[in-house]
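Structure in structure tokens, see below.
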Amino acid sequence: MAELIIFSLLHGLVYGLLLFMLASGLTLIFSMMGVLNFAHASIYMLGAYVAYTISQYVGFWPGLIIAPVVVGLFGALVERYGLRHVHKYGHVAELIFTFGLAFLIEEFVQLIWGKQTVGYHEPAVLAVPLFEMYGQTFPAYKAFMLLVSVAIFIVLLVVLTRSRVGLIINAAITHPSMVSMLGHNVPMVFMGVFGVGSALAALAGVIAGPSLGTSPGMAVLLGPIVFVVIVVGGLGSLIGAFVASLLIGMMTTFAVAIDYSFGQFFMDVGLNMDPDGVLSDLYTVTIAQLGPIMPYMLLVLILIFRPTGLFGTREV
Amino acid sequence: MSAAIELRDVRKSFGATEIIRGVNLSIADGERHAVIGPNGAGKSTLYNLITGKYSLSGGDILLRDEVVSGLAPFQINRKGLSRSFQVTNIFPRMSVYENIRCGVLWSLGYKYSFWHNVDNLKDVNDRTVEILEEIGMQARAQIPAGVLTYAEQRALEIGITIAGGANVILLDEPTAGMSHSETDQAIALIRKVTEGRTLVMVEHDMGVVFGLADKISVLVYGEIIASGTPEEIKGNAAVKEAYLGEEVED
Amino acid sequence: MIRRTLGLGVAMATFASVASFSAQAETVKIAFIDPLSGGFGAVGISGLKQYQYTAGVLNKEGGTQFEVTGYDNKISPKESLIQLKRVIADGIQFVVQGNSSGVANALTDAINKHNKRNPDKRVLFLNYSAVDPKLTNEKCNFWHFRFDANADMKMNALTDVIAEDKGMKKIYLLGQNYSFGKAVAAAAVKFLGEKRPDLKIVGNELHPIGKVKDFSPYIAKIKASGAQALITGNWGADMQNLAKAAQDSGLKIPLYTYYAANNGITKAIGAGGVDRVRLVAEGTTNPPMTEKWRTLLQGFKAKHPNEDFTQTRITNVMSMLKKAIAKAGSAKPIKVAAALEGMEHKAFWGDTVTMRASDHQLQMPIRILVHTDKGIEFDGDNSGFGLLNESTVTAAEASTPTSCKMKRPS
Amino acid sequence: MSNISNAMTAGASPSFLRRYGMWLIPAIVVVSLPWLLTSTVAVAVLNQMGIAVIFTVAYNMMLGQGGMLSFGHAVYFGLGGYFAIHGVNMISDGEWPIPLPFVPLFGAFAGLAFGALFGSFSTNRAGTVFAMISLGLGEMMASSSLIFTKFSGGEEGITADRTEALPFFGVEFTTEVQIYYLIAFWVFLAVFLMYRFSRTPIGRLANAVRDNPERAEFLGYSQKWVRFISFTISGGFAGIAGALFALNYEIVTEETVNALTSGVVLLQAYIGGVGFFAGPIVGAVIFTLLQTLMSNYTEIWALYVGLVFVGTVMYAPAGLTGLIMMHVPVAMAGRMGTLTQPYARIALPALICAIGAIGFLESWHHLSAAATGEFEMHIFWMTFDFTSPITWFVFSAMFLGGLWDARRVAPAVADTYGNALHYAFTGEDQ
């Protein structure tokens, strides 16, 4: 039991922090520009693929830096030549534009890199177990993922609370109307924010690619969950995104470990349920099976009862 | 005669700051009443309290002896109170005709009907045409409201406000941002459409107030410091000091 | 590679259906309804290439000529039915499909209804890979033939091997939460219970299909259960990610699988899975057993260097169809179906297989293959690793009874 | 601007043909189509189209008319399908004596019921909150349909045999054409009712709440109720579409409730134009054609659909219907003639650009997917060697050249249009 808890904690932490890297960029973009970027997870995928290609030539480590920069530039170009063009039609059009963009990126990724998982691997130095406990190992690469995401969190926190740029951004996040007071260079700021947000997503992709597999399906798997994170955490709240990421990471990881169903609960309290009844699915399903639905149930509940999210100050 | 609208010790605080500090006001049926006051006196807040946009921190608001505070805007509206907005507030993607017609529907009892065909409702369309004539916009009926001029939009908004047949009308700075000639037209329009109704308006422009109102209340720092006919207010020393003294020149 | 000659629109389809009847004597058209785009497209396209290559090989031998045309069903039951309508309009009478039992269920149902409603335009469904046992049990019908061993037969063979290992006391079952995954789990529970009542199933778990990014939490759970082996029916990304997580977490127990090879999986398992990952299948490529088989495999590799001949049963589908048409002296589906019933056939790799008449389930020897890099002639994913034949369960031993009550058209 | 029929609102009573022509003419076309297109495939595509039309118009009741952007409308479509298919099975088992044409009512009921249930808490707000709740609900229902298999049959779905239901005046619905007429009937009924809905007080108020919820509240209407009613009724019509899906394919699976179906309906509505009642109809027809016909000719059809979609969002936000409607005033003023020449001028480079782009993408696709020794591809009724640099050069040159020229003449074309429009409104040239 102890080993299950320890390892579930570790895996939940890795997954949660990965979610945070995606969510931080998304919440930054939303707070500044009012755009819910549906293509964010696709950009994360693009990061993994670009890093894969780079790693084919010069190895893993340069890709860690180059890929986010390349994808960040790509994001800036998307903002400049795509999003900005749609801006005048309103937020719904912008949202739908990013929805289409997500679709296009996935198709282009398949055209360029094929439909199968590509062989993007961790560097040899990290492809070893870090430690062993109860006969189970924890891979060094996952520890590396932890390290990178914690570093990003700290850097973001420091930049946003200590530097001049950060203070301006911070102010703009909490008071969106102030964005226009940033001066005459608002378009430039938007482009920068979108670029940086994309670079953050790409970095998440670069480090997740070798661990979770680099395939055209990786965006769809993570995309909706990231929305859940930023809405549950509260839009515009970096701390909220951090807490919600960990919450959802832990929730989905621990759910796997629980083979408990309502049927058992009823049995424990002395009610006998017919295991073959028409509605039997409702109480024979285990928590482990419900794991993937739980974040969405949380999302719906939060939006009904607390539309500002856990830490947010304004409604979605 | 019972009051059309009555405020009893109305209070509103935002955080620790009390913006409205116990306002008592009674407006008689058929009266045209203006609330004036310097910037920051709480005029807009008071207005939003009456129309149900903000909730009260204390006191009561009564519409024909019925407590309306705490009700949702649409519920207050159904009790016979209609309002306009300081920022132009119309349905920009719909035609002028549709704008007015939407205002007419509830009062004629069609409510949430999903079986009547609006084009075949004679009473609705007749009333809509009537109101269009009243605000002088028959010729512009089929134009999308979003492309009207500013003054036209304000006129349309007054049209929407009276379309529901409410007999208590609240107007929030109906002439803000208008030129002199536009203002004169607007005053004429308001006088015409509020005939036989109770009007409460919040206004900055002294000319408008003295030209329209039967009675004036002066709000300063969340309190009514004076209430009376335009002549009484003009002669009130406290008002002069608090308000007219600094503002009258414009 | 455009899969169909360019038509001038829907109106042309009628013309084509008339034209194809006169051409039928020489060329028999086969419709391949499987995903050719999207996430599962790679598997489908690879299957189509294997079909087309096999057709080429058989066509060179003379006799009935085959032409295999791909119809993209986007792995959706709905699209499959739309494509089936096209196939029928194009005058094609033979449908092959394999990916997803859900699609197979939809197709067998639709074809059964269609044949009942349109006796003059019947279609035969040759299922080469959908292994849900239901298809040849409660859902069996005269127009459906299965050339792959169903999940029960495979599990029967697999548990024969497991049962021999007397040290094995604790087994864990993990599968995808849908009909196939459930069928695998049910079969494992049943056969292990019969063959080794002392063996304990310490976990029987279903995970959401295609939704798990990281299997590490499952591995932690398996590890904590003390299982000595894992049985899984996972395929595609779910298999690949499972193998990856098992390796990362140092799970060193044997893995008994249905589909842990090719399409990137062999490469992903790599050195970590040597002698540890086993797979149950009907044919073998290492060693190829016969020269004829070796030639075909080599020829395929030369033509498609980045593909592997992954579905050996495809050659059975094609050669048995050819034989049946010759035997019936006609390509009419009802006659071909009758000829297929009970047909005995020698596969490319030398095994003798029989199409059981009572449920249209091909009976065949089943092999347990092991993932290794020694003695591999045809590797997977060009990785140097491949599947080596470890043991064979005879057709009689692997066979399972059927509940099918076949209704034959009068 | 907001509705094609605004012209009719003035109160004058239009002639019979003007009043019913917009229903009569399509009716004649729809009834006669199976005689013109005798292929079963053509009829099958028409059936698919009909279902898409109802679903998309129902969706647009929310997006276009009510301002609610939903990422989970497949929930009501799919549930309608599941209830209908269970209904058919119950009827086959002899439990209820209901003829097949009435089965879509099961779908309507399911859509309404679940629309009311989910609408009761998701319509409190519009905008992003609504969109996110719909996304969450959509994902939840899609995942649930794979877990709660007693009801949904899991990924295999639920099947039924529609011919086992009661015959309807002797018709057993064995053929495509018979089911076509059943679908066509429901398409007409549903589209007519949805059009009528847009002309009712609540339908008009849906527009008002979309444009300005705060103002609508001061007309006596609760914005929540207005949204809730639109949402519920939209769910009901989506349920009818789902039920027709069930009758047409005789199977309902997880794919009817999943995110892809929700996404496609958004795509259809947007490509067609959400600002017009007819927009989603155009979108559903065009998209179905693109999807079913294009996938026969190219494996990368989804890429083209994506490009068309993004192109629409960027350059024609009012959709295809918007492109047509913006020419109506010009045509009524008799000025279309002035536009033909500039349009032909820009169409030529645009066409060259499109051919170049398609050729380029196809070459790329073939290069990455081809077998050893393969180097030919057939597009545009010609054969190309996709390994040859010449092919690549020619297509790239066509793409870039066409793009350059089209962009060069675009401002002039836009000016000409602007002039024609100015003339149409003012009766004088600029």
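Note that the chains take the letters A, B, C and D in the order they are written out, and that residue 1 is the start of every chain.
Note that a contact is a pair of C-beta atoms (placed from the backbone, for glycine too) under 8 Å apart; a residue touches a chain by one contact, two chains touch by 3 or more.
Quantities reported herein were computed from a predicted structural model and do not represent experimental measurements.
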item: Of C-D and A-C, pair with higher C-beta contact tally; value: C-D
item: Subunit A and subunit B: spacing of chain centres that average the CA atoms, whole Å; value: 48
item: Subunit C-subunit D separation of Cα centroids, rounded to whole Å; value: 37
item: Whole-Å gap separating subunit B and subunit C, where each centre is the average of the chain's CA atoms; value: 75
item: Junction residues of subunit C - those touching two or more other chains; value: 38, 41, 177, 208, 211
item: Junction residues of subunit D - those touching two or more other chains; value: 143, 147, 300, 302
item: In subunit A, residues with contacts to at least two other chains; value: 114, 289, 292
item: Set of all touching chain pairs, with the criterion as stated earlier; value: A-C, A-D, B-D, C-D
item: Residues on subunit D engaged by subunit A in the complex (per definition of touch); value: 69, 121-122, 124-125, 127-129, 131-133, 135-137, 139-140, 143-144, 147-151, 259, 263, 266-267, 270, 300, 302-303, 305-307, 309-310, 313-314, 317, 361, 364-365, 368
item: Residues on subunit D engaged by subunit B in the complex (per definition of touch); value: 1-2, 6-11, 196-197, 199-205, 207-208, 210-212, 214-223, 225-226, 229, 233, 275
item: Subunit A residues within the subunit C interface of the complex; value: 1, 3-4, 7-8, 11-12, 14-15, 110, 114-117, 119, 129, 132, 134-139, 141-142, 211-213, 215-218, 221-222, 253-254, 256-257, 259, 288-289, 291-292
item: Subunit D - residues contacting subunit C, complex; value: 37-42, 44-45, 48, 143, 146-147, 154-157, 159, 161, 163, 174-176, 245, 249-251, 253, 255-256, 292-293, 295-302, 366, 369-374, 377-379, 381
item: Subunit B residues touching subunit D - in the complex, by the definition given at the top; value: 51, 72-75, 77-78, 82-83, 85, 89-95, 97-98, 101-103, 105-107, 110-119, 125, 129, 141-142, 144, 160-161, 163-164
